[in-house]
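Each chain carries a letter (A, B, C and D) given by its place in the written order, and its residues are counted from 1.
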Amino acid sequence: MVRELDPAPPRADPTPAVEVENVSRLYGGNWPALTDISFRVERGDFVFILGATGAGKTTLLRMLYGADRPDTGSVRVLGWDVPTLAAGHLPELRKRIGIVFQDFKLLADRTVAGNLEFVLRAINTRPDLIPGRVNETLTRLGIIHRRDAWPEELSGGEQQKVSIARAFVKEPELILADEPTGNIDPRGSTDILNILKDYNYRGTTVVMATHNSDLALSSRRRCVTLDAGRVVRDEG
Amino acid sequence: MRVSWLLSDVRRSVTRNRAGFLMTTAVQVVCLTLLGLFALASVGLARFTAEARRQIEIQAFLEPGADPAAVESRIGRIAGVAATRYVSSEEALADLRAELGADSTVLAVLEANPLPASIRVTLAAGAAGPEELADVERKLALLPGVAEVFSGAETLARLGRILRVLTLTTLAVILLSSLAVIFIAFSTVESSLRARSREIEIMELVGATRTAVRLPFIVEGGLQGLFSGLAAALLVLLLLAIARALLVPFPLPVGPVVAAGALLGLALGLSGSAFALGHLDQ
Amino acid sequence: MRVSWLLSDVRRSVTRNRAGFLMTTAVQVVCLTLLGLFALASVGLARFTAEARRQIEIQAFLEPGADPAAVESRIGRIAGVAATRYVSSEEALADLRAELGADSTVLAVLEANPLPASIRVTLAAGAAGPEELADVERKLALLPGVAEVFSGAETLARLGRILRVLTLTTLAVILLSSLAVIFIAFSTVESSLRARSREIEIMELVGATRTAVRLPFIVEGGLQGLFSGLAAALLVLLLLAIARALLVPFPLPVGPVVAAGALLGLALGLSGSAFALGHLDQ
Amino acid sequence: MVRELDPAPPRADPTPAVEVENVSRLYGGNWPALTDISFRVERGDFVFILGATGAGKTTLLRMLYGADRPDTGSVRVLGWDVPTLAAGHLPELRKRIGIVFQDFKLLADRTVAGNLEFVLRAINTRPDLIPGRVNETLTRLGIIHRRDAWPEELSGGEQQKVSIARAFVKEPELILADEPTGNIDPRGSTDILNILKDYNYRGTTVVMATHNSDLALSSRRRCVTLDAGRVVRDEG
């Protein structure tokens, strides 16, 4: 796959992909979603964020792409200091990140291919490159046969695959995947994981949040485990 | 962002709520048409008043036995007088009849023509001010053979008053119509923002620039305004053409009206969009 | 479904798009006000014409030397004549001056009063038809001392023509305004349906009855129409009050106008909602 | 729990809760989502519908609550013939069914409690009963502390619990749960399953679709397994 628009950074990039230091986040002034979180992810790494329902996985990922700000602590992603990033620069960072949302966020009034095209148009990709990239990504996730279906015509698992495809189609440097297998059966989940690993082999950094500790442990990658907003384990 | 994407985006937005879009555009067209008609009427009346002031005629009514030619020649020698014209008693009655129109039946019962003959006096272009007018009138009244002097001064004053009222009304109409058009553009764009909030969210999350997110809405409001302005301009021209056919022939200012309509509509539409997007930033 | 839930639902819907709601309601108010004014003007003119037809006066102009009293007594004996009134030459001029108003300056140049004296004849209530009118007029013309006979027949005919034109215009205005109000209610409700499609979906899935799903929208369109109707009624009454202060005193039909406005607005709003919901069923 | 509005049917009801016979469904005229499906669920039963992504689980459940119609075959639920049910009678059936949607379908502009109240109002529950039922259900699912939160303030798992609570709050005779544990961690999933079993013990019929065969098998209940729109196993 050729990176036409965003040349990949040199492999031995000195800055880590993700660097979170002493991050805390209180919601509504009294609900501690995250407490004193620190960890770093080098470029090219594959890291699981493990944790039960409400442990703070989604909140942590949202900090990484600037959808939320820490109350204290610092967050650096791909070399940018996210919380202090001016509104005008946030798009530049987000353009390099592929996000799989826990709630899919598909556009109901666009087809599967339309949802992927929408993203490429939004970041101003050269029009002649779009159809090829869309088809390639859909093929990779095994949903090319649903290319022209509307989201409501898809099963839950198929929708989830489309939302994964939408994150991949940008050919990002960093993938943040939030519970990307919640609606997919065990065999499908392993497939998704293999696709993520494949991207990772080619140099993409992957951070995947999940409550499925079996899946994470069986893949023998580093796991950062959250519990009630604190890092309770970081191994692998 | 490519122009074709932009336009297809705007088309999507418009067709999503076609009925609402048509209705609000229609209201914009009505507002801008009103604005245009009032503005043109004001300009027209102002021109007419200026012209009337130039062409003002004083009527010097003759005493029953007076010799029109003698009086006319004496009048011609008064300073400031440019031309004179004799109007006989019969012509005066015919004029009155024409002026009264349907009401002229009241004249049918006259036993004899009660209107006297008169000499109509036109002043020179440089001497048509209110003071020169009063001066010439005073001199005319003193001439032998002249029974009474009537000037258009009062009519002119009335015209001036109408012009003032019309100008004020026009200013009010311009202000209100413009506000209405801006408000409509605002509400069009705001409802598009609401309808497409999901798309906006995703665009922002995947890294679209501020411009790429906002441009389609700016264009939507601007295009609606532009379209309304052009439609209003055509409507105004149509009404003018009808008026011209029914009343007097006058030149149709096609170019200026279309240009003004387009520019004004575009500007107001863009302002409304800008307000709505300001809303988005909060 | 409880009334309080219903109302809070409607409030939710309205406040979601307050600007749009206010704007569309304003357009409804304008339409209904127009409708009301035209309808009232038609009714008023129709009443006035009927009244004028009852009070019709024939003018019998006297020859210069005729004896008014003698002519008047002979006229009084014609069948169908209810009353007679002598109008002197001076009174006639004063009337004309008043009638011409600002235009009466043309009368200032008259050297003598050209208007003849006349006797005004009123017909009996039962004898005011066009034929009786012609009959009496013919008899009057034959009387010695009467120079010419004028009847209001022509004026009446003119009034009748105006009334016809006004009635047709009113019908057009009523039709167009009603359609506009229905269309606005339709688009209000349709945009609410779109905004609340998620809620509708869930209501249907959990087992809400058809009525429970549809009622809030019906109420929304109906209430908007009702509100517009009432506002238009108040506006019409306000304009009537102003007209009354400026022109002649006439009774303000407060109750009927308010009731008609409310009912019409409600009915049109409900129709629009019904159309929009029909859309939903497809 | 007292059934104030909808008296429970007599226990030994002769009609089964669900009776599906030879049901087939082709989408777009050529996509066989379901092929010749037959099974029945007696009143008071607990049945899993198992199957991989796209196997047809959601499609099958949608037939049961009348959101979709079979092309051929018959569907009877709680004694009603669903596909031929007049539009006016569908609400009566749906009032007795509690549905957990795979995509949650929470109303973003109502709080957690507001979402539950909304349902009770929609089916015209007596106003004085509403707060009690809402609180009771939320307590049962362990999310009473998030009672006044907005959906977007909830974690994915919490949202899923709210969507389950919304199905339970109606005190239905039949629960159709579509992948109700996809966003919930393993321990939480077992809790949800226990709550479902609890309702089942009290007489509610439960049909739960899931791809999590481990969870289904460990609970030793009957499993109807779908594969590519066909019943390939029915045991337990």
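Simple rule for what comes next: a residue touches a chain if its C-beta (ideal position, glycine included) is under 8 Å from a C-beta of that chain, and two chains touch if they have at least 3 such contacts.
Just so we're clear, the structure is a prediction, and the values are computed from it rather than from any experiment.
Colleague: Give the label of the chain whose average Cα location is farthest from that of chain C.
Modeller: It is A.
Colleague: With centres defined as the mean C-alpha position, give me the chain A-chain D separation in Å.
Modeller: The separation of the two C-alpha centroids amounts to 31 Å.
Colleague: Taking the mean of the CA coordinates per chain, how far is chain B from chain C in Å?
Modeller: Whole-Å distance between the two chain centres: 29.
Colleague: Using CA atom averages as chain centres, what separation in Å is found between chain B and chain D?
Modeller: Their C-alpha centroids are separated by 69 Å.
Colleague: Find every residue in chain D that makes contact with two or more other chains and list them.
Modeller: In chain D, nothing touches at least two other chains.
Colleague: Of all residues in chain B, which are in touch with two or more distinct other chains?
Modeller: Not one residue of chain B touches more than one other chain, so the list is empty.
Colleague: Once you've mapped the touching chain pairs, tell me: line, ring, star, complete or other?
Modeller: Per interface graph, the chains form a ring.
Colleague: What's the complete list of touching chain pairs for this entry?
Modeller: Every pair of chains meeting the touch criterion: A-B, A-D, B-C, C-D.
Colleague: Provide the residue numbers of chain A that touch chain B in the complex, in ascending order.
Modeller: Residue list for chain A touching chain B: 65, 67, 87-88, 90-97, 99, 101, 105, 107, 118-119, 121-124, 127, 170.
Colleague: Show which residues of chain B lie in contact with chain A when the two form their complex.
Modeller: Of all residues in chain B, those touching chain A are 1-2, 5, 198-199, 201-210, 212.
Colleague: Under the definition above, what is the set of chain B residues touching chain C in their complex?
Modeller: 17, 19-20, 23-24, 27, 61, 64, 96, 99, 102, 105-106, 108-112, 114-116, 148, 150, 154, 158, 183-184, 186-187, 190-191, 194-195
Colleague: With touch defined as at the start, can you tell me which chain A residues reach chain D in the complex?
Modeller: 27, 51-54, 57-58, 102-104, 153, 155-159, 161, 178-179, 182-188, 211-214
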